[in-house]
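Okay, so chain A shows up in both of these, paired with chain B first and chain C after.
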Partner chain A sequence: MLTHIWKKEIRGELYTWKSMLWLVIASLLFSFTSYLLLTNAELSLLDQTELMWLLGKIIIGVALLIVTIDASSIITTEFEKETAESLFLAPVSLKDFILGKLFASLTLWAAIFVVSIPYILVASAGSGLGLAFMGYVALLGTIGVIGFIFLIFGISLLYRSSKNTITTALIILLAFATPALFTSTLKNDIVSQVFSAANPIDNMFNSLDNVLVDYKTSLIDNWQFLLPLVVFCMIAFAILFLSAKRFEKQGIVKND
Partner chain B sequence: MKKTAIIYLFMVLIIGCGSARAQITGAPLLSMQILSSKTLSGTAGDFVTVEGQITNAGSKPLGDVTTYLSLMDNQNKLPVDLEDWSAEKGLYIGTIDAGQTLPLNWKIHFVKAGAYSLIIIAEAAGNDLPQVSAITQFNVSPKRNLNPGQVLPVALGTPIVLIFVLFMLSYKRRVDE
Partner chain C sequence: MPDIISAEHLSKSYGAKKAVDDLNLQIKKGEFFGFLGPNGAGKTTTIRMLTGILKPDNGKIAIDGHPSEDKQQIAKIIGVIPESRGFYDWMTAVEYLGFFSDLYGIAGEEKDDRIASLLSEVDLLKRKNSRIGTYSRGMRQRLGLARALVNNPQILFLDEPTLGLDPQGQEDIQILLKKLSARGVTVFLSSHMLNEVSNLCSRIGIINGGKLIAEGTVDELREKTKLNKDKTLTDIFLHLTRNNP
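Up next, the complex of A and B:
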């Protein structure tokens, strides 16, 4: 049943040219960024590893934005189109329903990652860091995307409204992403440093920086960034778990 | 009275001359040379190493010796901010013994095309006058990148391949229906 839900979502999301146009636009964005980084008179003078870091941030940023929007509507549309009731009348458990939707959202991340591979290879040519760059974008992106999907699914089951879920999910993404783009001089005080250490997007970007700029490519060298990311995933999963329990208790028709 | 004033004036002149002479003779006998002057020219984006040397030609050790680069844009007649060009523009040497020669190295990142002149400046403790090397001229040619790292085929090819895949999917769907 899980596979059925997954395939159904993928058919809806990736089968028509209209539903895939976002991927072409994402690839145009990567094209524009990589061409600009490598050919612009001043940007091309940056260290190659810094160019790779910037490209990595853009790939993960685009993926988080697209997956956030997709995950915000993938569950709530079932309630808005009133298909949830018939779906749960069929032998579909809530676990299968959530996992099917999770894999569907992760497929979008996988599509973005596959499209980004040529750009990763061309940006890292000759640096000796191509595989590490690709591996860490895949690892950090996957952990981060899973955490955000858990969180957004939890919100979806609470709100059951696309509009409210998308607004909340986007503002959460913005709240995490904006401080991550601050320069290190703005992170000198203790509050910023604590928030930065807990912020999943900050940890993804800092780990990429650690790998590409500081050449610390082993997982042990990056545990201080990977651990908070895993903790974020666990907290997001706990929110989803509680929200799913509440959903099971309330039933499809919300009483509030 | 007049005689006393003349004697005082004479003494002041003697002390003044002595002090000025002390400043000149006390000036550090440091000499700097840029050794890599012939290999400095390059293209914007290149990293080059400015190799030089500093020699204490005096008979006494000199302490707290610091050397730094000064770069001048010959076209704009303006000094260049070395922050973007070199990670460490100042080198602290410390003490140089009499007759000792030490190597100096600066890694410079050529940022902008143009004609430049470069000097090494040295300061030592207890001396007001800095010492400078001879001027070295060099040129940085502009970087012309139309296809660095084969980015153009990837930047153009990937969206085209994706559009083709979308078209094929759409066509297959219509045929299936």
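Up next, the complex of A and C:
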């Protein structure tokens, strides 16, 4: 069942000029970043691994932004365009519905990752870290994207409105992303350090730093960053689960 | 004939407002049941509870013997034109019916044949490959009916199926509904078109303020109201709803 919903979403949401434009924008951003890193007088003085780290952060950041925007409307449009009632009158469970939409959003992440591969390969050429770089972008990006999708779907089922969902989702993304961009000197106090340790985006960036700058490529060396990411996913899943329960109790139609 | 739709002591409230209040309904297999009521009387809420979209606060529902909790099983035997008229505008009629066929597990040749036959039945064959976004209101209503029939349902729930259609469109839908009823499909029709209900339905239920205030054939309802034989269903309906606020 979820395959049919997934296919429908891919056709209706991803094979559209809107999604293609996002991929073009992502590609342009990666190109611009790579060009800047290689040609800018100051940036080009950075160590190659530092350049890779910067590129990795940009790939994950752009992907999170695009997937957040897409996931914010993928569920809510079914309510806004009044297609949800017909869908749930067919033998479709809420679980199938959510999983179908989840896979569609993950497909968008996969497409962005594929677009980023040539940039990863070029940036890491000769460093011996190409595979680790690609693997960690894929792993950290996938876990992070899944967590954010869970969270956004939970919000979508609560609000059932694209406008409210996208506003809330972007605020949450910014709340996590902005501190992650601060330098470590700005994170000296205990509050910042605790927030940084729990912040999924900080953990994704720190893990990349650990792999690319400190050459700690094994999963065991990165458990302190992966564990909070997995915990974030579990918390986001719990929010989605509770939201889905509330949704089932309220019914597909909120008010008459 | 066994009851194919059974609702006992059904209630649903939205905050302090009781939308449906202790409603009892029994509909026999093959019956063409008309469900009437003024705006806000609780018709749509009743249909949504019977079709499993909305959970009742109280009461029991059985659709062909299946309790309302058995949503997946019920979904397989019912077809619904809901109040929400949303479509995936970017799809063509063939893709749209194909998607719903997939959801019901209808595949291969059976799926293609079913879609072709439904499109022919609702007179959309010529526009089958046009995007739904380009369809007129009447065409969308007919496509909605085709979607409701995609799983070859035993019971059809229709919430205002001819709303906003021109007389020709209304007649087309009525002819189709008569055909379906003749084939043995149980039809539950909610409508404000009293002529339509009078022409099509073998039995009528009238709801007002969430309560079922009368039930029976047109003649039985006329008898209840003690109105003259020349009075139409509209007169009977107005008499009943005004006297049972």
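In this section, the second predicted complex is superposed on the first by the 250 of 256 C-alpha atoms of A that agree within 3 Å, B and C clash if a C-alpha of one lies under 4 Å from a C-alpha of the other, contacts with A are read in each partner's own complex, and residues count from 1 in each chain.
By definition in this document, a contact is a pair of C-beta atoms (placed from the backbone, for glycine too) under 8 Å apart; a residue touches a chain by one contact, two chains touch by 3 or more.
Every value quoted in this text rests on a predicted model; they were computed, and no experiment measured them.
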Quick check for you: in the superposed arrangement, does A:Glu82 touch first (chain B), second (chain C), both or neither? second
Contact-wise, after the overlay, does A:Phe241 reach chain B, chain C, both or neither (first, second, both, neither)? neither
Return first, second, both or neither, reflecting whether A:His4 touches chain B, chain C, both chains, or no partner chain. second
Touch check for A:Tyr215: first (chain B), second (chain C), both, or neither? neither
Partner chain(s) touched by A:Ser93 [first = chain B, second = chain C, both, neither]: second
With the two structures laid over each other on chain A, which partner does A:Trp223 touch: chain B (first), chain C (second), both, or neither? neither
Following superposition on chain A, which residues of chain A contact chain B and also contact chain C? 16
Given the complex with chain C, which residues does chain A contribute to the contact? 1, 4, 8, 12, 16, 81-93, 249, 251-253, 255-256
The residues of chain A that touch chain B in their complex are 15-17, 20-21, 23-24, 27-28, 30-32, 34-35, 38-39, 41-42, 44-45, 115, 118-119, 121-123, 125-126
Which residues, counting only chain B, touch chain A once they are in their complex? 44-45, 109, 111, 142-143, 145-146, 148-152, 154-159, 162-163, 166-167, 169-170, 173
Interface with chain A, chain C side, in the complex: residues 14, 19, 44-45, 48, 51-55, 71-72, 75-76, 78, 80, 82-91, 99-100, 102-105, 144, 147, 151
